[in-house]
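Inspection log for the structure reproduced underneath, given as structure tokens.
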Amino acid sequence: MLGSGLSRPLEGVFLELAKAANNSKSMVFSVDSPSGFFTEQAMPEGAVAVEADFTLSFHCPRLMFFFPESQAFLGTWHVLDIGLQTPQTNEFSQDSIPYSYTLIHELKPIIKNRNAFSHKGNFGHALLVGGSRGKYGAMILAGRACLKSGAGLTSLIVPSDAVNIMQSALPEAMCIASDASDIIQGSFNLEKASAIGFGPGAGTDEATSKTLKAIVQQGIAQMVIDADGLNILSENKTWLAFLPSGTILTPHPGEMDRLTEKADSTYDRLQNARELSRKFSVIVVLKGAYTAICFPSGEVHFNSTGNPGMAKGGSGDALTGIITALLAQGYSNSESAILGVALHGLAGDIAASEFGEFSMLASDLINCLGDAYSIIQE
Amino acid sequence: MLGSGLSRPLEGVFLELAKAANNSKSMVFSVDSPSGFFTEQAMPEGAVAVEADFTLSFHCPRLMFFFPESQAFLGTWHVLDIGLQTPQTNEFSQDSIPYSYTLIHELKPIIKNRNAFSHKGNFGHALLVGGSRGKYGAMILAGRACLKSGAGLTSLIVPSDAVNIMQSALPEAMCIASDASDIIQGSFNLEKASAIGFGPGAGTDEATSKTLKAIVQQGIAQMVIDADGLNILSENKTWLAFLPSGTILTPHPGEMDRLTEKADSTYDRLQNARELSRKFSVIVVLKGAYTAICFPSGEVHFNSTGNPGMAKGGSGDALTGIITALLAQGYSNSESAILGVALHGLAGDIAASEFGEFSMLASDLINCLGDAYSIIQE
Amino acid sequence: MLGSGLSRPLEGVFLELAKAANNSKSMVFSVDSPSGFFTEQAMPEGAVAVEADFTLSFHCPRLMFFFPESQAFLGTWHVLDIGLQTPQTNEFSQDSIPYSYTLIHELKPIIKNRNAFSHKGNFGHALLVGGSRGKYGAMILAGRACLKSGAGLTSLIVPSDAVNIMQSALPEAMCIASDASDIIQGSFNLEKASAIGFGPGAGTDEATSKTLKAIVQQGIAQMVIDADGLNILSENKTWLAFLPSGTILTPHPGEMDRLTEKADSTYDRLQNARELSRKFSVIVVLKGAYTAICFPSGEVHFNSTGNPGMAKGGSGDALTGIITALLAQGYSNSESAILGVALHGLAGDIAASEFGEFSMLASDLINCLGDAYSIIQE
Amino acid sequence: MLGSGLSRPLEGVFLELAKAANNSKSMVFSVDSPSGFFTEQAMPEGAVAVEADFTLSFHCPRLMFFFPESQAFLGTWHVLDIGLQTPQTNEFSQDSIPYSYTLIHELKPIIKNRNAFSHKGNFGHALLVGGSRGKYGAMILAGRACLKSGAGLTSLIVPSDAVNIMQSALPEAMCIASDASDIIQGSFNLEKASAIGFGPGAGTDEATSKTLKAIVQQGIAQMVIDADGLNILSENKTWLAFLPSGTILTPHPGEMDRLTEKADSTYDRLQNARELSRKFSVIVVLKGAYTAICFPSGEVHFNSTGNPGMAKGGSGDALTGIITALLAQGYSNSESAILGVALHGLAGDIAASEFGEFSMLASDLINCLGDAYSIIQE
């Protein structure tokens, strides 16, 4: 069935044909896009379109391919090269917004090989800050992901009760105890840190908020803020203006809504993320099936790796560790966000193939980071 | 030797033939069932039947195949299709009770695949409650089994001394500390929990009993009660009437006897389990070589997976974690019980093939859950 | 060069020939035994014998093959079948003492298979007692070996400070806290224990001695005493007479000397072990390259498995756990000692082939117990 | 392009040719050494030489091949045998200093095989001293490397708070608690130690300095000093004269500079290390891409194993453990330094091939020590 990018609802015989296809038990293939499906904007309420099992599109993906609401219509989609004058591309624009769909092979050029004469000082000192009683595991995951992502040195600021847990779990990491036994509290000397990741399991205690504020005030640009770090920012939105330019925020949809406003659709949430990025000159990594990395320039990069086996507690903590490690090694903030998200998803895909989506854990994903890196580097 | 389903003891020449077969050193094969063996009820005391090494039965298994007392007569048994008008089945009834023997391939249809756009919220929040000083390991096993069975989030309520142990062992899980250092005590906000598993290593302290009572009173239907949770119920039988309909109880034979009365035979114990299930509208998972899942409707499902390498401390804790995770993911109580028991046994079978029945541990079984799930999903 | 079992030193031309062979750079093979070598007793001081690289002996091994002092003369030895009327045997007697050399295939008949309908109660409850500050690891190793050797339930009595360490490391085991934080102290209810292993890392504090005395007084026959348990006995030799008949002692040479007297040679030490066994009706497992299991009857079984990669701290702790598990499962004391020592050595051989003698640890050996059991069971 | 060992800068047409080669996008191969490259001394400032991708040299490597400054000119280099009268060698001298480049196959002869009748006492008792709050992981790594390098017994002196961490992580090791909870403090009985490794994660507290001083004063020759042990020596240079002859120091470049003076070039730093070795009769292991082992005789051995994946925190701790284990087993100080450095790098190379340079950790390296040993032993 020949698809179309029409921006008006199906009517008449086309509507009837679509309904018939949807009621049929046959496998439905759509070409270009399913008839009646809106490729550039959300479907109007009540509109009908063909619900395909597979969609074969041309030249470049369309914006609406990246939203959960479209899945019922698109099924599994692929983009085919049809020999247009410009070569096949994963870049496309929509309402003058430049989008791209990052494929694995495009990342190889940004990989930095380790020089034969390099030493641990050449790979930076990554500092992770987080953990609160009952959520110390988040810092084990973030720390381990950081270690397995090539950082020269990794230090963890954790509640004092968690220091020994970290030392047991992560013998390669050094620890600095918070002033409090069960939360992050106090001010810390960050001079030795090449990059900072704040948030895994941190909680939102007022003392912890003060610590985050103090770190932000030190103006270190190589920073990732995740999880409870984002929740603290949501409760203190005036602080957003003080984030150093290039800071990477990694919200999941719920955290995104708290940072901005409750979105009516995933499309609206993406636009909120873009606006947040532009307004405060930060990189917003909006996590989802196709994680969207929004840059202050307005550009959006959709990630192409990952699977629903990662939809489990701990996956986000791993991402924070990975991006912090990349920043520490001297990757630019943009590269760290794009490469980190891709590595995270690819490691998840390898873990899913080994342990299954049902059973794979964030720990399994982390153990697959080396293989993910090798695939990108190939 | 042609077997029979006779319900009277062998006499005369048949008796002599059976004795001769039993004294012979030859391999003995029985067809249908061993001569003199009672397939529908326990053997009368002193009755003689052929003691086969292998039994090849027809069309459907018989009730007495599932009891340990029969093993001496049946040896290893198989059911063959003989082309009756109704197709071969694993369902059979006895005294108007509907029994069935759950085979792996029958479980595939109830498996829920993880949608590409799903997030951790789609897979529920599993809450496990248990642990007491000296028995914290039970919660590590239950927690890990829960994590490896697809739950979106896993939280553990444990004695405060055990919090750090859990965080080290299970970084993907969150912990909530009990009011006491070494037992479960206090009342807890269960609002965020999609399913609750109570009991592994919990002990039977009065304070812990009060906690269980409080949880039962909250009336959350998606609940598994195991181990010391069952022992608390045994000591407070009036509470059984307050269990939310559909609650899953997972007793081993000793716990079953304490919940009802000491059974004279495994057949009687099964009927006690059925009666308990019917009376209180709960699902009773009576653990054994052929674990029997008893439903309030009177139906009994015998499980077909598992091996004696699982006859070691910790196996039951793993089952509690698995069923809790399935409940959290939105499987119905019946599906969770049947699928959980099957996954547990199948993972045990994989672990036995890898590590041997002698050496396999509950931890090994848990690590094989991903493969067990894949086999069912195939 | 034709060997001989002569019991007098070489002289004359034979002496010269032996010296010439020893000075030669050629590979030296001896047949039967090296010329001048005493096969039934220690070499006299100053006596010369051929120093072979390989010795091919006939019909059965000779006693002196099993002592380190002989290695320089025998090199690597093998026993060949030469068609004597009695079949080749690994039994031989010397000074009316019945010796045997236990080969792997001889152990298969004593293996107990796990019955399909068995439950954890059928495999006993193993209890290990030990640990003192700085030596808690010994109990992790013993406990893990016990778990991996088929026990139905495993409990550990450890200093209270060590409880959480054990729970983390061995989630399948239950723990009972000693009355003291850093040593074994107090009296314990042993009723539920099917077998007891005492000693790994226990230290020799007076309070710990009292605990051992109290356990001995309870007269539980299924008991292994190792390490510091043996050192306590050495300091309290009158207690030896109160050991229940069949108690298994597992000394290394230093512990053996302390239990009896400093031996002048490994041959004398073996006779001391035999005498200890006979006098107190205990089984003495004298550890070494060919571990000698001495029975009250006077019999000695030399073990045929193991390698020098096991010559590292922790190997003995593993053996204690294995034998305790076998006792708990209902193996007789003799079977437990012989099978346990063989499994331990065989697991060590598998670990050496996987990790190398240089790098293999007791933990590696323990992980190979399942494979060792499979090989014996084949 | 034919290379040359000229010790004067390129001029005229040669200079132009070299510049042309360097601007070309072709792959550049140099024979002997790149034209204009100084093989025996640092390049003069501003001098130009061919920048090869590969260099094929003859007979023996040249001194400047081993310095990072040369990498831009040499690319990847190999030494070829060209049939000179003396056989190909990895020894060469420069300014009358004897250098050598240690190849794996040269190490096989110094390997000590484990005798069949040996026991744990034959492989020594290794003692590691270190750890301070937040840096306990360094002792886990050093301890594990020591255990995996064949020591008969391993003991750790650690802050009292770290004892239980060590017991969990390293059950085969014994622990002795420092007098302080969070640092090394106190004096210890070292009589049972066959070799001592001091420094991993030790910190430089005054009390810890006193402990090191006390150990040095006991004059135990089989000692490795690393990390904070070196920093303490840097702050107390008069102590260097009291180090027992043959003590092994294992500085990285920063520690080396603190022990002597800030070096202007890697060549100068090597000469500082040689001078330190000579002056105090110690062995200096100057870590780097080609780790240089400097002996009091003036000899320098460059190591041939290792890769930049090891440029991460924890690698040095592993080396300390390895060398301490070798010393404990009776290897001479020279053998321990040379073999230990080679094993460390080779294990790192195996880990890199398994986990990738990006993801490999010191823990991974340690797990590969058995394979590294096997390769050397082949």
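General observations
When the chains are written out, they are named A, B, C and D in that same order, and each has its own residue count from 1.
The working rule: contacts are C-beta pairs under 8 Å (C-beta built on N, C-alpha and C of every residue); 3 or more make two chains touch, one makes a residue touch a chain.
Since the model is a prediction, treat every value here as computed from it, not as a measurement.
At the interface between chain A and chain D, under half of the residue numbers involved are used by both copies, so each side presents largely different positions. Copies chain A and chain B of the same sequence differ in orientation by 90 degrees, per CA superposition (steps of 5).
Taking each chain's centre as the average of its CA atoms, chain B and chain C sit 40 Å apart.
Note: centroid distance chain A to chain C, computed from Cα atoms, is 57 Å. In chain D, 164, 168 are the positions where the chain touches two or more neighbouring chains simultaneously. Contacts between chains, counted with the stated touch criterion, involve the pairs A-B, A-D, B-C, C-D. Put simply, chain D touches chain A in their complex at residues 68, 71, 133-138, 140-141, 161-162, 164-165, 168-169, 252-254, 288-289, 307-309, 311-315, 355-363. Those residues of chain A lying in contact with chain D across their complex are 114-123, 147-154, 163-164, 167-168, 170-177, 369-371, 373-374.
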